[in-house]
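In the part that follows, the structures are each spelled out as structure tokens.
Shared between the two complexes below is chain A, which pairs with chain B and chain C, respectively.
Let's turn to the complex of A and B:
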């Protein structure tokens, strides 16, 4: 393909990686970036969009806006263009943090791109229960932040991630975060995606969950020129749980594509997925939820739902559940709905004296709220609630 | 208080109200009866400001103001309350929660200070007692999974909270058992003053034993075809609507 080769050719000259990275690059060249016919990117032709909109230039380090940092106990890691900036970070001495060579990752095109071009790999380990906040300040045309998180046996670990990008230059962030959740442990991961129409991102989240452990992902998307979330939860052992909650509340020409998959590999595991979309103006929302239940994964319970409200005739929604079940003793359900705001409900509230705007906001807010259930950190909840209110009222 | 003159309304080009005349003064209770589909709920909705209905003629004046010019929320703020025949379920929004917003928007529109949490709670407690409604019901999603009777009771609770001037109760009695009916009627009677008025839409004389109307009107095919005092309601109870239909046909 003409398009993808220009991106890769352009990057090729900048390649400086180790053996693993070299191998990733070779693999990537072999499989190529997604193209027009790639099923997984059917509604998000990412390669051609990047080709048209982003120049992969280095911009270097700009001043960062410290107001974006949460005022919470815990560690605050500031990454600039994918590189940890120790001077801007606040790192608790209880946090185990290593920065080093790139190690293996997933083998899909953008994970390989990240592996090949990441500047460093940040490894954080749970040593205590304080949350870790990760802020990506990306100014470069291309940034490849790469993080690995180890939640050790018996631990609870909360990670919150945010990306902050300039409004006046187009940037592409290709991030990769991988969780290894030990036995009898809880991993919580929250992402707040409130970008702008100059921000393009491909964000990969992988979680490998061991026996008796739970992993939660909450992704809140508000604005972005193109945001693609690839979330993969591997329930590798017995008695695991995977929870996926998402809200995409979009307007303008925002485009958010949530591609999620949960893989039940062993017996007695549970997964629950709830994604909600509110689409206004010319925005586009995509939801694709895959559930795999392998032959050994008897007594799996897997639930999925995606509910959407379209507020404008120019908004576009694509939703697609995808179930592949090889085991026979399985409880699985999925459903998706999409519709307009309930006019009867709006009239009911207005007939009680609430003005139209507030009535709509109240109904939409209630609709959205369910996705916040597992966000336990107060200032993160507040921020999300504020972003929701700002969009709705 | 409200003066309805030759009101005509249609929905999807279907004419439903064909010229309604009705005058309700402060302190009065009017009952509107009539067979299914005659336009009772349509009249109630048009008065509350439902935009699906197109008013094609006539006028409505509420306290010397053109009511038809106002949005539903403005009407509510000025003191019109509609107890819905079919209260809407709204997932995720609790009665307590939305009423707090409603009351404060109404107060704001009237130039009153917003109620703080403490005073709001006090008011809630007082009005809850009036209609014998449970706190737990009020913190649940609005009307979701409520029984028919609970929904109706919740409507009257909201009315009690908002203290309207003109209450329009659309078949609030349907679905209520006799005890609930008494409680609801007691509530309505307690809230009644010389400055408020009530329009009660009902199919049953039973309710009118408790909420005694000054006038009874019969709505049929979009027109008020007969008006009288409360004895009119008794007549329907005995004879049904057929004689009215015959009378109308004969004219």
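Let's turn to the complex of A and C:
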């Protein structure tokens, strides 16, 4: 408890928000940041990391690397330390964009931290079919980018997010993105997390899905000193679908923690989740998937699967697929496996003249590929495939 | 089919079958817990100094511990000062044979369906019966001692085999392991002790029967099973309690030690009083059970059928220390009305090529909550570890809940771990199919539930399987529709 209060006190002096932010700060002080014993953060000691990095100061500015941007039609938003940089961005006329005061957000500690210290809230209104690419360039000790996306009734909306941080200095990013998906609409959200060992991040994604709508989240993690993904999908009405697909392909001392939760609130909804992990060297992977089915949510179908391969003696995996079910007329299942590469499969390939390294890469590539099914934007697909190849070969 | 009919017929209109109490004069400690009580219990048992010291140390540690609150169960705070920690049926002197045992007591057992008399010889089960806190009778002792098997009450073992007790007590579940284990270590009053010597295959099933009889009493028994090299034993445990409005506490500890090539099979049918239809009364069952496969090629298998208790908090676990050792956990947990169960297992793989298998079947009905909480941990040097877990839940009624919390922690790349879980209700089509063939709804449900639990039931010893099957039907009675 002592440690937390020092962080919060330190932050307190930097506070300059509006009434909602003040309230969020007070709530945060009351519940405190998660500590080592907190169940949800058991394997990810994020508060102690935050303590070391807490500062709003800029830690050396890199020039915006334009090569990191996708060459794809659509809008490209560049955020520097959570603030939209209009000169670096390319915004289509059809995109409705508002930048304004901070409004309410989720009430878990890190969302509250974001609410309290975000500099601005970017609201993206859809009505627009072209994809929107969001690039976060963060150079600060602590940045709190905050985005809200409203998908209008009957529309389809695609968002791709990417975080770019310097390699030579530690940064902590506490991002927050909230989707409100209207009726009969589709929302696609893709995240590519190829960071470095100086990058610490806590990334919250919230989706509130209305009647007859679908929401897809794809998260691909490749490297990061400590990355925590908090994904929450609220299926608020009947006949909704939530899809979560993820891959964590880690090496070095990377640590990625995927914490996902889907909340079935009303009848006839469907959710599907597939997370795959490949862990090499001294990396740590954490998966915690929760399916929550409320009493009213009869006729729910919810499926979850988590498969992992450990490649090294020093890799560690923690997985906890969790079901909490309060309704009786449901079909829910989860499965999770962990193992190593199949010797027979490697032998089969080697007997056909493929060397061991390539044989392994082939098998792992096939293993990873399944999670990419729902990435519809060509250049993003290509980038992910490239990153997978780079890691495997 | 006819057996299922019979079962339902037999239990229609029956509630908790074992809900009677018998008044025999009891030798009791005053309510509450303090150092004097611990000393009182130890003195009553005429224990050596080292055991008293061990108890006092555990009590000290318990005082500093906090009641765990992470389990998915809710119950009013337990007032540890309003519980009686020692209650023994009064005996003037130690009985030498069954004839000298209080006839009232023997009647109790007959009502329970365990006769300590000769007829037990036919079924070949050796029974150690524990009422309230004290072991009252052990059968077949002579026959077992011919083989060198020690099977007696814990207090007797303390007197007669102090070296063994000293060596193994707390070696698997240390006194300060958790809140309830510490409490048990401080105030445990009796229990069973079982030692199988080298190379002996125990010829009969050993069984302990627990019963809480007196009001306001907590039962704190301790079971210690030691299987030496190349030995085998199958151990059964059953429990009942009278129907009372207030909640009673049961905090037991079971320790199993399996040496090289030893195999221990431990089966429980837990049928503590679950409380009435409105959730009043019932037993709080907070039990620590753990076994260690200490030697290579050893095996420990837990099989449990949990139908009773208002609140269950129980995780029989295996520490797979020896290379090639095997841990198994088979469980059926049934909850009805306002019962809450948070149960599961923990498999810790330490040795090379260790294997574990978990099959857990949860059935919830009424307004009950049923959780599976398990952990599979593969440590760094556990080369070639293998685990398979399956936990299925069956929901009956729209106000009950089923939850799973499986933790899987892997630190070795060669580990192969699989976990799968499903949750569903009994399909309308399944019931329809049965009804079409003239099977009424309630029988159909019993049929389907028995099929659902079959995999675990098959692992139970014969005489237990029949009892367990009846219990299943009884617990779920009236929960259809």
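The rule is simple: the second predicted complex is superposed on the first by the 383 of 393 C-alpha atoms of A that agree within 3 Å, B and C clash if a C-alpha of one lies under 4 Å from a C-alpha of the other, contacts with A are read in each partner's own complex, and residues count from 1 in each chain.
Here is the rule we use: a residue touches a chain if its C-beta (ideal position, glycine included) is under 8 Å from a C-beta of that chain, and two chains touch if they have at least 3 such contacts.
Treat the numbers as computed from the prediction; the structure is a model and nothing was measured.
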Subject >> When chain B and chain C are modelled together on chain A, clash or fit >> reply: fit
Original post:
Does the superposition put A:358 against chain B (first), chain C (second), both, or neither?
Top reply: first
**OP:** Check the residue A:369 against both partner chains and state whether it touches chain B (first), chain C (second), both, or neither.
**Re:** first
**OP:** Determine, under the contact definition given at the top, whether A:348 touches first (chain B), second (chain C), both, or neither.
**Re:** first
**OP:** Return first, second, both or neither, reflecting whether A:331 touches chain B, chain C, both chains, or no partner chain.
**Re:** second
Original post:
Does chain B (first) or chain C (second) touch A:73, or do both, or does neither?
Top reply: neither
**OP:** Using the superposition on chain A described above, determine whether A:12 touches chain B (first), chain C (second), both, or neither.
**Re:** neither
Subject >> Larger contact residue set on chain A - chain B or chain C >> reply: C
Subject >> After superposition on chain A, the shortest CA separation from chain B to chain C (Å) >> reply: 14
**OP:** State which residues of chain A lie in both footprints, the one left by chain B and the one left by chain C.
**Re:** none
Subject >> Of all residues in chain A, those that touch chain B in their complex >> reply: 342-345, 347-356, 358-359, 362-363, 365-367, 369-370
Original post:
Given the complex with chain C, which residues does chain A contribute to the contact?
Top reply: 39, 295, 298, 308, 310-313, 315-340
Subject >> Interface residues, chain C side, partner chain A - complex >> reply: 70, 380, 393, 395-425
Original post:
Of all residues in chain B, which touch chain A in the complex?
Top reply: 48-52, 71-73, 75-77, 81-82, 84, 87-93, 98-99, 101-103, 105-106, 109, 141, 158, 162
